[in-house]
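What follows are several structures.
Each of the next two complexes has chain A plus one more chain, namely chain B in the first and chain C in the second.
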Partner chain A sequence: MFSKASKGSLFPYYIWIALFVIAPIVLIVYYSMLDLNGNFTLANYTAFFSSVYLKMTLTSFWYAFLITFFTLLIAYPTAFLLTKTKHKHLWLMLIIIPSWINLLLKTYAFIGIFGLYGPINAFLEVFGLEEQQILFTDFSFIFVSVYIFIPFMIIPIFNSLDKLNPTLVYAARDLGASSFTTFRRVIFPLTIDGVKSGIQVTFIPALSLFMITRLIAGNQVITLGTAIEQQFLVSQNWGMGSTIAVFLIIIMVIIMLLTGQKKGGRA
Partner chain B sequence: MKKLSTASKVYLLLVFVVLYAPIFYLIFYSFNSGGSMNNFESFTFEHYEAVFGDSRLLVILINTVIIALLSGLIATIIGTLGAIGIVSIKDKKMRNTLLSLNNVLIVSPDVVIGASFLILFTMIGVKLGFMSVLVSHVAFSIPIVVLMVLPKLLEMNTSLIDAARDLGASRRDVLTRVILPYIQPGIFAGFFLALTYSLDDFAVTFFVTGNGFSTLSIEIYSMARTGISLTVNAISGLVFFVTVLVVVGYYFVTNRTKRAGQEVQR
Partner chain C sequence: MKSLVQATVAIIVVCALLFFVADRLESAGSAGSKDTITVYNWGEYIDPELIDQFTEETGIKVIYETFDSNEAMMTKVEQGGSAYDIAVPSEYMVEMMKEKNLLLPIDHSKLPNLQNIDPYFLDLAFDPGNEFTIPYFWGTVGIVYNPSLVADHLDFTSWEDLWDPSLKDKVFLVDGAREVIGMGLNSLGESLNAKDDALLRQATDKLITLSPNIKAIIGDEITPLMINDEATVALTWSGQAADMMWENEELDFAVPEEGSNLWFDSFVIPKTAANIDGAHAFINFMLDAEVSAQNNDYVGYSTPNAAAMELMDPEVIEDERFYPDEELRDNLEVYENLGLQWIGKYNEYFLEFKMSIR
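Up next is the complex of A and B:
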């Protein structure tokens, strides 16, 4: 299609792939088999399968699952209703703008909002409830994460709903399907790809987020991401950190396969 | 089409309120003369003055912008050339392998990218600081540029290139006068996304920044860890203002190129 000479333009791109895609994976696997003194060992893997790390992995999964679930629960109806609005692309734009504000700033806002003297507690007080510690709880962690992921979940779902041919919906209705059946048998199956990519962009980061856990959940919640950061930057145990990273990569690949879409890409 | 029911409108409104409330909450208290985010005492610009009076913070701001622009530019060049190269590969298997490798960094969790880059830089002996941060940002921005440019290249009619060659254009002319102008919207979108990736990144930078060098995200993190400081609120106000400006600007520029494109086609 394009002239052969343009293959030369791949040179820097190949270097990038070798240095920043392949080498890092190889290095992570290599380091996962080193102990603190740099000797070859499989001790990190045995340690990972001890109860402490397995429990951490499971809780991390549970949190990621809850976060993804609630994000989807809120995002799907939002995306659905957005496609029904008059200026849908303008509204979508308005949904996207908050996702461009730095993540740290949004997280920081919740330190104030959920604070002991913050607006939420002030609101609760109106109803005669005691001030509560909202910050540093599971609830605050999940709430803030859902808040952050909502736009990223809405975008792919919106796109797949937008592509949906409305005549299919009319046909289902004409043939006597109730609106719920239409949704369950026609709309949802046809937009499942959008849902899958939404889950992908939510679940994997939810496993590995560490700044939200640090800032909002105190040290109450430890995710795989927090553990990696801890091992690398605090304990300086790169071997163990790499081992956790290896498992995170494996989990990621599994999720990609599960939520993968059949590629009809052109040749 | 049916009109939205009241319940639907209320639901949408609620989502919008929740999405924007924290941001406006931050900005609102950035004008608070009291030191907290709870009771508003009186209106003041002192926190904004504090941002512009703090030379360390200004250096960090400048660093952040320089890293974003520079990494965006380098990533756009490598990514665009890479995309052109990928399209020129005829072997289907090879092309798909490259595309899969391209997507690895997009789907990888930030923490893993950060940790592996940290190992890489330590091994090669790159000093942690400006260079390591810049290189990392270039590295994780390249795939998104490729993904933005590729569809434009694929939809391009190859007879345009053949025509140019037949009319005697050199390879260089074909690239600069035919291909690049055609895929320009994709390049532009790629650069823009690379910028936002860089400005937004926290986790990767956190791993590879070392001591002494810091970007805005890192600085906000360390400030937020010590508690509430209304200087951070003032930064939010500025960031929000700039974001809206950029969005509006981007909207106009893409609309203009679209219109210009239509005129050319006519």
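Up next is the complex of A and C:
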């Protein structure tokens, strides 16, 4: 429709980007350099490099890594099997539907499911196992987060697997490659872009998860997202909250670059 | 391209339809009475029947909204997007809102029922002469526990009991910096309004030694966990404890003797108010002895309304766990507004403590 888009017709998009992409980032950087009294300072940045915030950044990273890893571990084979089924788009739909349910609602449901008198413990008891405290552990936190992110990881992987030309797989098999070699040398490299975008949509939000850390992990896990929420709502220290947000943005840019760059090299 | 246009049109049509329905619903709702007030209160902090009763008696319709922290409430009032006629801040937040000129003075001549309030709760330090506030509820911070699930020698008359090795992985704390750091300070025998870095450091270090006993730091979710025996010991507010004990009779509540927090929540009329007469009418209604008694029964916190207490079950008001006498109250401290600088520090220490619990 707009094959010869002149500069004029792109004008609304420039406005949009200036107002909703650039302006917020500039504002965050600006606020990050204000102290509680509104004076310019770099104290927030030095505070970020104190042991508390560095430790928090590392734990956020570690948990985001674990969440992404397990999500990928489950999502890739699922997406792979989905492409082999007869009504693959129907099955994909069925997997995606739970992501339409509000996140908080699902999280609250897990409080009941993981409870001491919940169904999981009732199930364990059938096998004569003792009641386990599942809620407020690392396990419950990672489990619930993985559950939430799985659909977002499956979609891009499914799409790239779906686009894979099956004749390439046949060719590999004809040339004597085992099914593992075929997967390692043909299928996986050709779907790596799907995996990368899956990792992006999982890892980045996982870094800043915040309600689940309280409801499911009982604040035993503190992510950068939780810290931002606390700084804005409780401490009313917008400067420090913005500083953490600046670092979060920097980390995200790095991840985008890392997962975007290798694209050309291998394939 | 065609399907894209179709999808866009479909979305716009659905949105327009929803907008229209919402608009109609809104005008239908307020058509009956042009007189409305907007009440901004904590969750689960009023008997909903009383709101209907108020509308029946006065013809003033009530729009009721809730918040879950003083700070969130103030932020919304400060930004002035909604016309709140009544809000219910705690005492330290009243001071902060006064400083920022967010409150309107209250006309006592429009509140004949003010005489029902126990004079002990009037003219308090955070609002001399009750120029801006009318007391709503008060309470303490203490420990709710299940005596059948903890060792016999623990009765929580001292904060030290929380450090007992038998409570490994059993203690739940409320997710609030002032409550938790305040508890640390109290356990050292210090004031929970301390403005002294060395003391805060000491209190945080003491709290960090509590880490092995801590299961989780959460908010209102603690109520169902205590009721279902999934949690055994929790630091919480007295009224929340009363709610739990109402559902689970085994539970008990104690306010440790080293001292704790005494807090007051009050009605205020924020400067966003659009219907100031309606706000006064609502406050006066809530101060009525019978209304207040019914509300206390529902909410479970301690009331400052002396006339209402006469109508309540004597067993409730004689319960010293929730209605400590004046002598016990002297052991308790009201939170002072420490200023943003110190609130920030309390939160930094609290964050450090939270980082240590695993």
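Keep in mind that, in the parts below, the second predicted complex is superposed on the first by the 244 of 267 C-alpha atoms of A that agree within 3 Å, B and C clash if a C-alpha of one lies under 4 Å from a C-alpha of the other, contacts with A are read in each partner's own complex, and residues count from 1 in each chain.
We take it that contacts are C-beta pairs under 8 Å (C-beta built on N, C-alpha and C of every residue); 3 or more make two chains touch, one makes a residue touch a chain.
Computed from a prediction, not measured in an experiment: that's the story for all the values here.
When both complexes are overlaid on chain A, chain B and chain C end up clashing with each other. More chain A residues lie in contact with B than with the other chain of the pair chain B and chain C.
Judged by the touch definition given at the top, the superposed model places A:I254 against neither chain B nor chain C. Of the two partner chains placed around the shared chain by superposition, chain C is the only one that A:V52 touches, whereas chain B remains out of contact. Of the two partner chains placed around the shared chain by superposition, chain B is the only one that A:P12 touches, whereas chain C remains out of contact. By the document's definition of touching, of the two partners only chain B reaches A:L82; chain C does not. With both structures placed on the common chain, the touch criterion links A:A171 to neither chain B nor chain C. In the superposition on chain A, A:R214 makes contact with both chain B and chain C.
Of the two partner chains, chain C is the only one touched by A:Q133; chain B is not.
Once the two complexes are laid over each other on the shared chain, residue contacts for A:S235 go to chain C alone; chain B is not touched. Touch criterion not met for A:L42: it reaches neither chain B nor chain C.
In the superposition on the C-alpha atoms of chain A, the part of chain A touched by chain B in one complex and by chain C in the other spans residues 1, 111, 115, 117, 214-215, 233. For chain A in complex with chain C, the touching residues are 1, 36, 52, 55-56, 59, 111, 115-117, 133, 135-136, 214-215, 217-222, 227, 230-231, 233-237, 240. Residues 1-2, 4, 8, 11-12, 15-16, 18-20, 22-23, 25-26, 29, 36-38, 77-79, 81-82, 84-90, 92, 98, 101-102, 104-105, 107-113, 115-120, 123, 139-140, 142, 146, 154, 158, 161, 165, 171, 174-175, 179, 196, 199-200, 202-203, 206-207, 216-217, 220-221, 224-225, 227-228, 232, 235-236, 239-240, 243-244, 247, 251 of chain B touch chain A in their complex.
Against chain B, the residues of chain A that register as touching in their complex are 1-10, 12-13, 16-17, 19-25, 27-28, 31, 74, 77-78, 81-82, 84-85, 91, 93-95, 97-98, 100-113, 115, 117-119, 122, 147, 150-151, 200, 204-205, 207-208, 210-211, 214-215, 224-225, 228-229, 232-233, 238, 241-242, 245, 248-249, 252, 256, 266-267.
Looking at the complex, you find that chain C touches chain A at residues 1, 69, 71-72, 75, 169, 172, 175, 177, 215-219, 221, 224-225, 228-230, 340-341, 343-344, 347-348, 351-352, 354-355, 357-358.
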